[in-house]
Structure formats: C-alpha cells, structure tokens
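What follows is a single structure, and I will ask about it in a moment.
Chain nomenclature is as follows: A, B and C, assigned in order of appearance, with residue numbering initiated at 1 for each chain independently.
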Amino acid sequence: MEFDFAEEQPKFLMLMYGLIAFVAVVGGLLLLLDVVPAWFARRHEAKLVAASASGAPLPRRPKQREGLFALFFLLPTLLLLAVGLVVPAIRTTLLSFMDGSSSHWVGLRNYGWMFSEDSIVRVLINTLIWVLLVPLVATTFGLVYAVLVDRARFEAVAKSLIFLPMAISFVGASIIWKFVYAYRGEGDQIGLLNQIVVSLGGEPKQWLLESPLNTFLLIVIMVWIQAGFAMVVLSAAIKAIPADIVEAARLDGVTPWQMFWRITLPSIRPALIVVVVTLSIATLKVFDIVRTATNGNYDTSVIANEMYNQAFRYQQNGQGSALAVFLFVLVVPIVIYQIRNLRQQREG
Amino acid sequence: MTTATPTVPAGTQATGKTTSARRVRKRLNSPVATLVSIVIAVLWTIPTFGLLISSIRPENEIKTTGWWTFFSHPQFTLENYQQVLFSGSSSGQLASYFINSLAITIPSVLFPLAFASLAAYALAWIDFKGRDWLYIAIFALQIVPLQMALVPLLKFFSTGVTVAGVTVLPAWDLVDEQKFAQVWFAHTCFALPFAVFLLHNFISQLPRDLMEAARVDGATHPKIFRTIVLPLITPALAAFGIFQFLWVWNDLLVALIFAGGGNETAPLTVRLAEMAGTRGNEWQRLTAGAFVSIVVPLIVFLSLQRYFVRGLLAGSVKG
Amino acid sequence: MAFARTRQALAIAGVLGLALGATACGTGNDKKSDKASSPECAAYEKYQGHDGKKVTIYSSIRDIEADRLEQSWKQFEDCTGITIDHEGSGEFEAQLGVRVDGGNAPDLAFIPQPGLLKRFVDSGKIKTVGADTKALAEQNFTADWLKYSTVDGKLYGVPLGSNVKSYVWYSPKTFKEKGWTVPTTWDELIALSDKIAASGTKPWCAGIESGDATGWPATDWIEDVMLRTAGPEVYDQWTTHGIPFNDPKVADAVNKAGTILKNEKYVNGGFGGVKSIATTSFQEAGTPITTGKCAMHRQASFYANQWPKGTKVAEDGDVFAFYFPAIDPAKGKPVLGAGEFVAAFADRPEVQAVQTYLASGEYVNSRAKIGDWLSANKKLDINNVPNPVDKLSVQILQDPKTVFRFDGSDLMPAAVGAGTFWKGMVDWINGKDTATVLNGIESSWPK
C-alpha cells in the first residue's frame, strides 16, 4: 500500500531530461540565430569598411537572409507538422480510395457508400447540425453574457463559474450531463431533468433515446463547455473598447441597444472571428461527448465518432478515411474565410 | 495603439485606461444585470455541483435517490474518494499516475509554446515568399483528426523513417518511462496548428512601427523576438499555455497509444477510464474519479485565469 | 505560489528518489536462481532457460480481474525468470489494431473475437503457434474449440478462458417462497413467465447498455434463440454469411426473442418499460432479482461477479442460474459460449514458452483456484473451481451431449459483429421493426 518514491525516481529524471532537451533545443536555436548572423554582420561590416576605403560601390545587405531566418524559425514547427499531421493527412486521403484492409484500390466506392448508407447520411446531417448550432449558440450566449456581466457586480466570480466547465474534460462533462439526463422507470428519479419534469406533473422521459431531441441535448453539453471560452474572450474584447468612445456615445444619448450594435459589435469583430473559427473547428472534431453519452446510438452519431468506429473498431479503414476526408472538405469554407481575413489585414 | 508608448504590453495599456473606464462602467452597473448574470452563473454550475454532492454520498444513495435529497437527508461519506485514491489494486496507486500526468503535461505545454511562437513570429514579421500560404496551410491542419494520425505516428516511432532502403531515422525503441518522450512529441505535433493560429493572431497585431524602428536600429530577428516580442506576448503565451495544459491533462487517446497503460507511464485519465470502464455501474467511483481529475485543471485555471483573460484580450484588440 | 510549492515538492521528491533508488537496486534479481531449483518449480522445468527475458501481453482484462491474472502466473515468473508484463485496456479491440499496424505489437494478445484474430492472420501479423504449443493445445482442447483459431489448417491461437452464455439467472429463495419451479423446456419457461406476470411482477429484466459496446447482451439473446430455433448448422451458415442476415430464419429467431424482450408485460422488471432495456447497464440489469422486482435475467456465467456485495451465489442461495431451455428438444442441448484466444505476434522462444504454459493444465488450474474463472481446457479439474455457477459451466462444457457454438457476433466481421449488429439491436429495442433492422445489418456486411 505504501507509496514507493524509488519507483517514481526515473520519471522525474525523464522529466528533467525533457526540460534539458527543451532548453537545449530552443536556447540553442536562438543562440545559433544570434551568433551566426552576428558573425556575418561583422564580415559585412569589414567589407563595407574595405569598400569605402577603396571607393568601390557599397555591397547591399543580402536579401535572401530573411528567407533563411524564416526557415530556421519555422524549422521545428514544419518538421513536427510534417511528421505528425501532413503525412497522416496524405495517408488518410490515399486510404480513402482503398478497401477496408487497405490492400486494394476501390476508387470512389467509399464515398459512394458514405452518401448512400442511410445511417451515414444521418451522421453527416448530425454533424451539420452540430457545426451550425454550437458556434452560433455558444458565441451568442457568450456575447450576451459578456455584455451583461460587464454591467454587473461580482463579475469575476460569475465569469469563473461560467468558465469552469472548460477545465473539465469532455468525458467528465459528458458524465456530469448523463447524470442530469438520467432516467429511472421505477422509484425516485435521480436525474435532475426528469425530477423537474415530474415535479411539474409530467411523465419522466428517456431523454437520450428520443431522436432528434437527443442530438440537441448533446449539443447542450458542448455549448455548456464552450460558452465560457466565448464569454471570456468576448468580455475581454469589450473591456478593451476605449472608454472615451463609450463615454462619447453616452453623451450623444444613444440607447444601450444602439450602443451594442454601433459600438460594441464592430469593435469586437476580430475577437468574434477568433471565437467562431475556433469553436467551429472544435465542433467538427467533437468525439468524446457523443462517444461517452450515447456511443452514437439512437441516431446521434457524428463524423468523428463514426470515423473512429469504422477505422478502428470495424476494421474498415477505407470508409473511416473517407469520413475523415469529408471533414477536411467541411473546413474549406473556414479556410477561405481565413484567407480573406488575412488579405484584408495585410492591406489594412 | 500609439507609437509613443510602443513597449508597454498591451495588457497594461488596458489597465492604464481603467480609471476612466471604471468610472463609465460604474455608472452602467445595473441591479438587473447583476441579478440575471448571477442567476445564469448559478444555473451553469448546478450540474457540476450535483456531481460534487454525489461524490460524497454513499453508493446506495447515489443509485436510488437524486443528489438534491442530500439536503433533506444528509448522508456524508468519503468512502468513494477512499476507493478511487487508495484501492489496493496491483496496477498501482493513483499518486503514481498523478506523477505521470505531470511528467507528460509539463514538457507537452512548453515545446509547442516555444515552437509555435517562433513560427508565428516568422509568419507575421519575416518577409518571405509564400508565407501567407504557409500560414493558411498550417491553420488548415487543425482539422486533421488526431485519430487518423495515430497509426502513422506510431509507425514513425516504432520503425523509424526509411527512404528507398536507406534509414533516415532509426526506430526510437523506448522502454518504460522513456516513452514519455513519445507522448511529448505527439502532443507537440497535434498542438502546433492551433498554437500557431492563436499566437499569429496576436503577434501580427503588434504595432508595425515598433518592429520597423527595431529593424532600423539594426536588431536581428532573434533579437527582436527575444527582447521585444516575447515580453509583449507573455499574456498570449499564458493563454495558450492554459489551453494546452487543459487539453493534455484531460487527454486519453494520445496517452493510451503512446504511453501505454502501465503505472510507469500512463496518466491519471487512463487509470480513471479503466476504473469507470470495468465497473460501469459504480456511479460512486465514477463521480469521485471525475472530481479527482477535475481538481488540478481547476486549480491551474483559477490561478492563471488573470493572464488568460489578458492574453486573449490583447490578441483581439485591433482589427 | 501554488506552483512554487509544487516545484519544491518535485525537487524534494527527486532527491529522495535518488537516495532510495540507490538502495533499491541490486536486491531484485538474486532470488530467482535459488527458487528455480526449488521443488515447487519442478513443474516449470520445461519452460526454463529464458531467465531475465520479458514477454508483453495485451488484453481487455482490467482491474481486479487483471490482478488475479497476474497472480495466476506469479509462480511461473518466479521459477522461469521470465517477466510477464500485462496491460489491460478497455479500448483493447480498437487499440490492438493501432498498435499492430503502427509496428508496436505486444508479444501476446488475448483476443476474444475469432473474427479479429482472423484479420491479423490475413495481414500476416500473427505467428502460427510453436510445435510444443500445438501438441499441448490439441491434447487439452476439443477440435471444436481449436477450429475458431485455425485459419487454412494452421493453428494461430490457443483458447484461454471460456464462459457459458446460455444461462437464466434467478433467485432460488424467491422461487421457493412463491412455489415456482425451474423450467426445463421453452413452454414451461413461457408458462412461468405468464404466471409471474399475472401475479403483478414483471418476470424478466434486461439491460444492454455497455459503454461503447452497447447492444451486445441483446445479440447474445438473439444468438441463443437462433441456435435453438434454427439449429447449429443454420447458425453456422448465419455467422459465416452463408445465409443473408435478413433471412426469414433469422427474422423468426429475432421475433421469438421479441416475445420476451419486447413484451411490455414481461419486461423490464425494476427499471420500467421495454425501452429502458436500452439504457440499463448490463452490470445492473439483473440486480432487481435480489429485491424481488424481477424474476429472471438471461446472462452469461460471468454475471456471477456483478451481484451486489453479500449476495450468495449458490443453488440454495440468493441467486443462481438455470440452463436456458431448448426450444426444439430434437436439436440437442445447444450451448452458446465465448472465450479468448492467446495469439502471438512474436516467435521468440520465451514468448512460445509463455504461450505453451497458458495452454497447460497447470496454468488453468492455477488460475481457476483464484476464482471466478473457467476454461474449456480438458485438464481443468472441476474441484479447483470454487464458484457453483462456474462448476455448472465446466460440467456443461465437458458434457459430450453439449452442442457448443461460439458467440456469433464475435465470429462475424467486426463491422457487423461489433458494429451494426449491436447498433441494430439497440434500435430494435428502441422500437424499430425486425425487418428494417435486419435489412440494415445485411446491407452493412462487408463485401
């Protein structure tokens, strides 16, 4: 029973190695980038001195060094991304044109399957519902709450409470909500929702069994988690609106409603974009909630869950990969939007 | 933002204005808003609160009556926590898994933080061909489901990289606690796209004049990065740090594959999932276990919350 | 603040660790060689010669069961010097594939699904068993059992634990009080159900919620009934897709099971109506029997572990199980069961030694003595099986009249057996009609 520190010792050692590696890699990289160019700069300077002495035209600062710098700054990230995400993404795309055991090419069969199988079409529709609703509801709630809390006392406490679910894992959150939705056919209800229904004189229900209501009940879990994120970011943005603008508007006698639409909303647009983009991508990849709460039964499955099932549980690598590729496609609108934003930013 | 005070971190700049801002806000304070926001906050917390109450109720009570009856018939026990924390299974003590979680999480937060800020700086302030496309590509990689990356990455660790019969990188062949390195590596890969996105968002909005002034003074990119950018983006780093901490601490899938399930390397989540899994109907263990796993992220979040708010605030100050 | 303290604690822990580590080293290895020659190690002589080697095992067995497993080969480890590193995971089926495909396969895996085993054989990952192991396996198991791990005439795995699924749990105490008798035919079973239903108690309780495996208890129901209505030959055709999944014979079996499972008069004692079956966890599904709210619960022998603490499992105790009666006595005494197979992903000598040992009579008796476990291994001595239900199971398995069939969903391709069949049953319980469900499963069978 007693705790043996000796057994834990190698772990701390390993952690220490990790930290040493961290310092070595990051520090080394910065040092390298600092020392080497300095050396070149000194040579450059020497050349300058020599050139001015001999009256020759001044050599220009070499331009391609910028690109070299960028390469070194980006090197660790690019290497890791290539190994960890780019190769897998390419592999997944290739697998999506192969059969379940990845041994024969089957062309577009897996994509045909995806759109012809009723249960999978249902999965696609569910994912659409998720990705439309979660960012919309969570952001709206976060925004309203941020505006509200901006004018309230006990702001820090209230915000912490809303943000608290963010610190809970998706699995933990799903367990919490399974408790809320729990059903007892006989005896006392142990689920809060059914208890409320019963105390209002209604019949208890098996909430998670009723399609399509159950999908919305699962979405509630995601919103519950993510609204705090939206609220914190938007609230911060609202606070950053220069006070003089707000003051001036008030002196002009604008109503709170006008204030919101004319001042607040335009000022926090960049923050809104960050929130919506982040939430959309997180929602597309949502997996643990559905898996823990219903395991995708009762018409609640979403793409990420079905993908995992197909690829890892049913050994249908091709079909699983095709679903993953469909996820890539769904993110394209967000990417295009991001490109437009970037262009605007560069021009502005 | 003005060029007059270029070195003032965005966070403090906001506080400089707080006196007048506070005055404005004071006047805006309304009892209705206070009431409504508190009511919502309380409603928001009820599910978690229910879990907390359940975790200190005896097994039989949890299964037969709702947690709210606790207030009319209070029955209190620490048995559930006793079971979760100290149940004498040979697969080890929770404390051991706790250390694993720490050993996994700390480097898994630091590495992506450093790499992503370097990359974000380069993408925002170093002028080279195709940087926008590179940024968009990295951004788009956020969508690759990490489930699909598990097999290729595992292959990378277990067989190395061979190009046309030549071994470019040998297999890692790690045992026991050395496997932490694999987990750090995997978490770093998966975290980078979001980290670059968030930090780029922030770094690219630092005042242009500030950067150009530094360049004119002859500062090199590493110098600008270290002396100007890093201090300015500390809040953003803290923000991403919290995100990454929460994500790694709560992760199950990556740990299952790359750390294995023994008490040499597996984190808390693996152990808790195991306990909940074998005893699906033991709500009492599940509730206590869930609460144990929530505690650390909660402490971290509450203690770093300040930075977090500031970090994201600064990132979205300007359009 | 909190962080500073944590860091301090870490530093102290590190220093302490270094000090303790120095003393802890060096004491571990000395004992083995003495032990190896001691008399209790005589039985392990044939496995010796691999001192200091390590064998990794991956399985779905966790928690207390895993502790028992590790205890069961403790002496083997001490005597041979082989270290067995066991890891159990609730995600076993999915994770095994990832690990094998990722080039990180365990040495041995306990695979409960012959269908999954075949997948790894097809991709060339599983090694055929060694000559010693094969000889021992053929000696200790019936051909029936070995055929599940045989592909193209080669043996790829050895059966380990087994269970019997054709059981109905009941309370002998309640039955005695109420004057009910244990039914031995299907008609008696239905008559008893009606009688109990008329007395105001719902006779049956069931639950198929089981996390990401939700639905499996219902597939067991169907398989058990199918084996009884259609007979073992048709059952074999069904599991190998010799007849389509929506064949009328399958529909008959499903509907027959439906006369109990979808009968509001019969289910779901202690939990509510038919639909509550879908959300009741399989672990708690039978517990209303102990409170008298339900009379019968069809579930496998391993359900013996699920009763609340203090429940006496015995023929004269609080709960016990009777054999799920045959529907057509002319078709023999069909028994549905399952088990796991030890498959090797490596053929190092020490791995083969462990695989051989796990097939031996010494091992199964060593494991059985610890409790709650049984095997179809012929060397298993019934006196070493403490649990009365397990005793009954061993009798059934060793009975020559028994027509044994493996759990069909484990034989089917995973896309059906661990996928649409489970999900289909959930939908079926939740109100979908038999034909729609069976057509859906049929269309999902991998081509």
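One rule holds for everything that comes next: contacts are C-beta pairs under 8 Å (C-beta built on N, C-alpha and C of every residue); 3 or more make two chains touch, one makes a residue touch a chain.
In this text, all values refer to a predicted model and were calculated from it rather than measured experimentally.
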Overall pattern in which the protein chains touch one another (line/ring/star/complete/other): complete
Between A-C and B-C, the pair joined by more C-beta contacts: A-C
Averaged-CA centre spacing for the pair chain B and chain A, given as whole angstrom: 11
Chain A-chain C separation of Cα centroids, rounded to whole Å: 39
Multi-partner residues of chain B (at least 2 other chains): 63, 102, 151-153, 273
Per-residue multi-chain contacts in chain A, two or more chains: 7-8, 10, 12-13, 308, 312
Multi-chain contact residues (two or more partners), chain C: 10, 95, 98, 211
Chain B partner contacts - residues on chain A that touch it in the complex: 1, 3, 7-8, 10-15, 18-19, 21-22, 25-26, 29-30, 33-34, 37-38, 41, 66-67, 69-70, 73-74, 76-78, 80-81, 83-89, 91-92, 145, 148-155, 157-158, 160-172, 175-177, 179-180, 187-192, 195, 224, 232-233, 235-237, 239-240, 242-244, 246-247, 250, 268-271, 274, 278, 281, 284-285, 287-288, 304, 307-308, 311-312, 320-321, 324, 327-328, 330-331, 335, 338-339, 342, 345-346, 348
Residue ranges of chain B in contact with chain C within the complex: 63, 89-91, 102, 150-155, 157-159, 256-257, 260-262, 273-275, 277-281, 299, 303
Complex interface listing, chain C residues touching chain B: 1-3, 10, 62-67, 70, 85, 87-91, 95, 98-99, 101-104, 209-211, 281-284
Chain C to chain A touching residues, read off their complex: 10, 13-14, 16-18, 20-21, 23-24, 93-95, 97-98, 116, 119, 122-123, 211-212, 214-215, 268, 270-273, 275-276, 278-279, 293, 413-415, 418-419, 423, 426-427, 430, 440, 443-444, 446
Chain A residues touching chain C - in the complex, by the definition given at the top: 4-10, 12-13, 16, 100-101, 117-119, 183-186, 206, 208-209, 291, 295-298, 308-310, 312-316
